[in-house]
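You will see two complexes here that share chain A, one where it goes with chain B and one where it goes with chain C.
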Partner chain A sequence: MLALAVRNRMTGLLALFSILLAGTSLVLTYLTPGTERRTFFDMAYLGLELLAVATPILASTSLQILEFDQRTCWLVLARPVTRPGYAAARFWGVVGATWLNILLASLVVLILVLPMGGSLDPFFLPVFASALLEAMIIGALACLATFVTTAYVTALVVMSGVVLLGYLSPTLSFLAEKAGNPAMAALIRLVYWILPHLSSYSVRDLAHPVETWYLAMLAGYSIAYTGAVLMAAVMVFRHREV
Partner chain B sequence: MVDMNTPAFELDKVSKTYHLWRRLRRTPVAGVTGVSLSVPRGIIFGLLGLNGAGKTTAMKLLVGLLRPDSGQVRVLGAPVDDPRVRARIGFLPEMPYLPQTLTARELLMHYGRISGLSGRHLANRVESALEKAGIAKRAGDPVRYFSKGMLQRAAMAQVLLHGPEVVFVDEPLSGLDPLGISEMREILEGLRREGVTVCLNSHQISEVERVCDRVGIMVGGRLAREGAVGELLAQAGSRRYRVVILARPVRGGKEWKMEEKEASEAGLAALLAGERRRGGRILQILALQGSLEEVVLKTIRNAH
Partner chain C sequence: MRFREPVLAALLLGASLYPGSRIAGVSESLDIGTDAVPRTLNEWLAKGFSVRKASADQAFMDILQYCGDRAFYLDHGEKLVRMAGNATDLDPRFTYVYLFSGAMLMWQCNRTRDAVELLKKGIRNNPADKRLKLYLAAFTYYRLKDLGSQVRALEELTSLPDPPPMLYRILANVYLKQGKLGEAAKLWFVIAEHSDDWVDREWAKGKLAKYGLRRVR
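The block that comes next holds the complex of A and B.
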């Protein structure tokens, strides 16, 4: 429903965000003579990661308000639509919109980098790909959270908490190793495996160059994790009273 | 092949309990309890009852938005969980929440696609539904600019869109002006003429009495009474009589006076005997039909 998205000003706001980000990047490049390109790409990568995380969370929350609080889902679910079908359409709608935003933001980056000359930053494509994969995982988590809770504030808090802890997954692994109590270590390890390993998606922070095998592994993990979370979301939504 | 003998919808010993969190405790609240009902095709069936009686819960069970804790819900002879069944029903909720930024036409195109319509057939159905609901002239306006009555019509248009065989409408008359009520009544009666079964949930008992063939009265989540409107009125013992009497002139007077008195079925004989004793002449006895409102109130009082 592109018309709905355009008239809800969602796309306009995201375009404004991209322009602001690009503008800030350009201003910062002027403030850091000698490292203009590096600064510009760092800002661009930050923007792409932010889009991958924030867009699915915000889009899912706004959908939760529209569908469950304002009950627009009633008119859809009373039609020949299955609950798994509804959940899948919701997930792909959110992820599709996020991917489109990431793509548009990446195009803006490419357009802005042309006048600077030189070749494309080697991290650009890996960051672009990992942002797409990260959006998929966050989209599935957002879908689950908005199906589990009835209040959008709770969903927002839960999602933010999971994402934050997801970025801290290496710390959890470290804590599990250092925990003196075996039960505590097992618990931390369980949390570590349940949470998404979002720090792995910050490919520009990796110590080694991003190789194809790493991206392939990341894609495999993303698909498996997204699939598991979506299955849980469908199970929850099957029994949810709307 | 449509089997017209199959009931339009059935509830078989259906119970549904909600669970609310009160003071950190999961508290059960009965929605409907042991409701059994079978409604034949091609009629307008009215669901009546006080607020919280379970009418909306029953309707949500019938359109598949809720699942029963026990019992069976069947629409057109099949479980309502089946999407193929839901393709043959229409639903108008009490407060129709529509995506506000879409125009009425876009809205119908959207719901039409979800219902499996496409191409020229969809476009034709959309125009026909807009026309039937009386909003064709405003089809290009976003629904956020619509009045409550217009929103109700837009919501009704999405019900009519895919040519459903059974239509569930929850409080379709609320917020409508007298003209709107009259037009909504025409739409419902038109559906009945086309052979569509309508389940109407409304607080406006006089309207229900006017358009419905059968009604069910719900009290505290149970179906307290169900039957044809005429039968209920007759069985309720609410029949009253108006007696027109030519009363004798009072002492010293010369003029006979015309009087009208009302009596229940039980009190009629006593009234007539008394008037005859006083020398009055009975000119006319009119049987007054009891109202559905009386039946509903009596049923509710008896159930408590």
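The block that comes next holds the complex of A and C.
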């Protein structure tokens, strides 16, 4: 599945995009004399996070076309491969391809930073780690969305909505605090806990680099949440007609 | 068997609650912190999607473009106050915006009140930053026409790491006003030989040529 995801044209395009994005960060530094390093890293980090979000969504939806619309999943399931095994392979294929893209983009960033003095920004490692973890969560959600819906456009729209709401999760928490009605507050809080806390992965936009324990907590959250979503995906896929 | 996956999913979601609450709390406490509620859609989106630093960079690019434009001289930097306010609302820790915009407002546009207000905002948001305080001191001496103290504050600023190139230009101009051609020439040589910006280098070379100065080998 990893080989399939890597061979996927969409993944290749995104890899190219990741290199271009890192290169663009360097070009933008010429527009901000005096704050070149800051601009370069801000843009590069934004690109890494964009990759962590966009790659699993686009790779999953393009695999959906290949596997379900063109029925290539029949060949795999007839081998026989169990449905949970198929779902797990699909998840790790997409996540693995995304991790490779993030690694590639990070290497480009590291190479480009050499002419700027070469010293590593303190945000680099936390941003890199959180991008890898975020790719896991988005990969699991994309897997679930493509198993729930039959049309890839619907999966794309649903995923975009979940990602948008996931980034706005602090707003949901704020709304729950301000809601006058306790039932409404409980409902908003339930939605808040079901949605992924994607804003917590944007460690690049914080005042200081996060510490190791924060990344450990983020890893714990990512693993538990990804596991829960994957279980839901397996449950849906078990009952799906292919 | 039938309920294994839903039960596992519920258990795992429950297990995510503790680390989820910890990371949410920490990211709020480490927030770059805006002392203004988002006013425009752009600001709200930047906050919502955690792109405040990148948006502040873009706002700084707008400031630089505006300052290099003829409109800046025609309206005496009127828009700069708002633009610097926007950039620093997005990222209150972006100290270079306070320094650059403050200096432009003070020494290029003669907008003392706006420059001082911007610097005060910068100090409020970055109390540990020494440069902002020194800039404010230099502004105050400039306003009081205390050229000697202004020069001392500017000299201290240029001795700090990574001083903005513009500061050398300002200090060189003040030296020239005081009749210290030798001191001004030293700074022109520094700018001509070490500045990353070719505009600054050409300016310094022009000054050196005007006074017929050359480096003695």
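As a working rule, the second predicted complex is superposed on the first by the 225 of 242 C-alpha atoms of A that agree within 3 Å, B and C clash if a C-alpha of one lies under 4 Å from a C-alpha of the other, contacts with A are read in each partner's own complex, and residues count from 1 in each chain.
Basically, contacts are C-beta pairs under 8 Å (C-beta built on N, C-alpha and C of every residue); 3 or more make two chains touch, one makes a residue touch a chain.
Only a predicted model underlies this, so the values are computations on that prediction, with no experimental measurement involved.
Peer 1: Please work out whether A:Asp205 is in contact with chain B alone, chain C alone, both, or neither, and reply first, second, both or neither.
Peer 2: A:Asp205: touches chain C, not chain B.
Peer 1: For A:Thr150, is the partner it touches chain B (first), chain C (second), both, or none of the two (neither)?
Peer 2: Neither: A:Thr150 stays clear of chain B and chain C.
Peer 1: Quick one: is A:Thr171 in contact with chain B, with chain C, with both, or with neither? Answer first, second, both or neither.
Peer 2: In the superposition, A:Thr171 contacts chain C only.
Peer 1: Going by the contact rule set out at the top, does A:Leu66 touch chain B (first), chain C (second), both, or neither?
Peer 2: Touch partner of A:Leu66: chain B, not chain C.
Peer 1: Taking the superposition on A as described, I'd like to know which of chain B and chain C A:Glu241 touches: first, second, both or neither.
Peer 2: Only chain B; A:Glu241 stays clear of chain C.
Peer 1: Quick one: chain B or chain C, who's touching more of chain A?
Peer 2: C
Peer 1: If we overlay the two complexes on their shared chain A, which of chain B and chain C does A:Ala78 touch? Say first, second, both or neither.
Peer 2: first
Peer 1: Applying the document's definition of touch, where does A:Met217 land relative to chain B and chain C: first, second, both, or neither?
Peer 2: A:Met217 sits against chain C, while chain B stays out of touch.
Peer 1: Based on the A-chain superposition described above, do chain B and chain C contact any of the same residues on chain A, and if so which?
Peer 2: In the superposed arrangement, which is not itself an observed complex, chain A uses no residue for both chain B and chain C.
Peer 1: In the complex, go through chain B and note every residue touching chain A.
Peer 2: Touch residues, chain B against chain A: 18, 63-67, 83-84, 86-87, 89, 91, 93, 95-99, 101-102, 106, 110-111, 114-116, 142, 155, 158.
Peer 1: Touching chain A in the complex: which residues of chain C?
Peer 2: Touching chain A: residues 5-6, 8-13, 15-20, 22-24, 26-28, 30-33, 48-54, 57, 60-61, 64, 93-94, 96, 100, 164-165, 196-197 of chain C.
Peer 1: Residues of chain A touching chain B in their complex?
Peer 2: Residue positions touching the partner: 1, 3-4, 7-8, 66, 70-72, 74-82, 239, 241-242.
Peer 1: For chain A, which residues are in contact with chain C within the complex?
Peer 2: 28, 31-35, 38-39, 42-43, 46, 167-171, 173, 193-194, 197, 199-200, 202-208, 210, 214, 217-218, 220-221, 224-225, 227-229, 231-232, 234-235, 238
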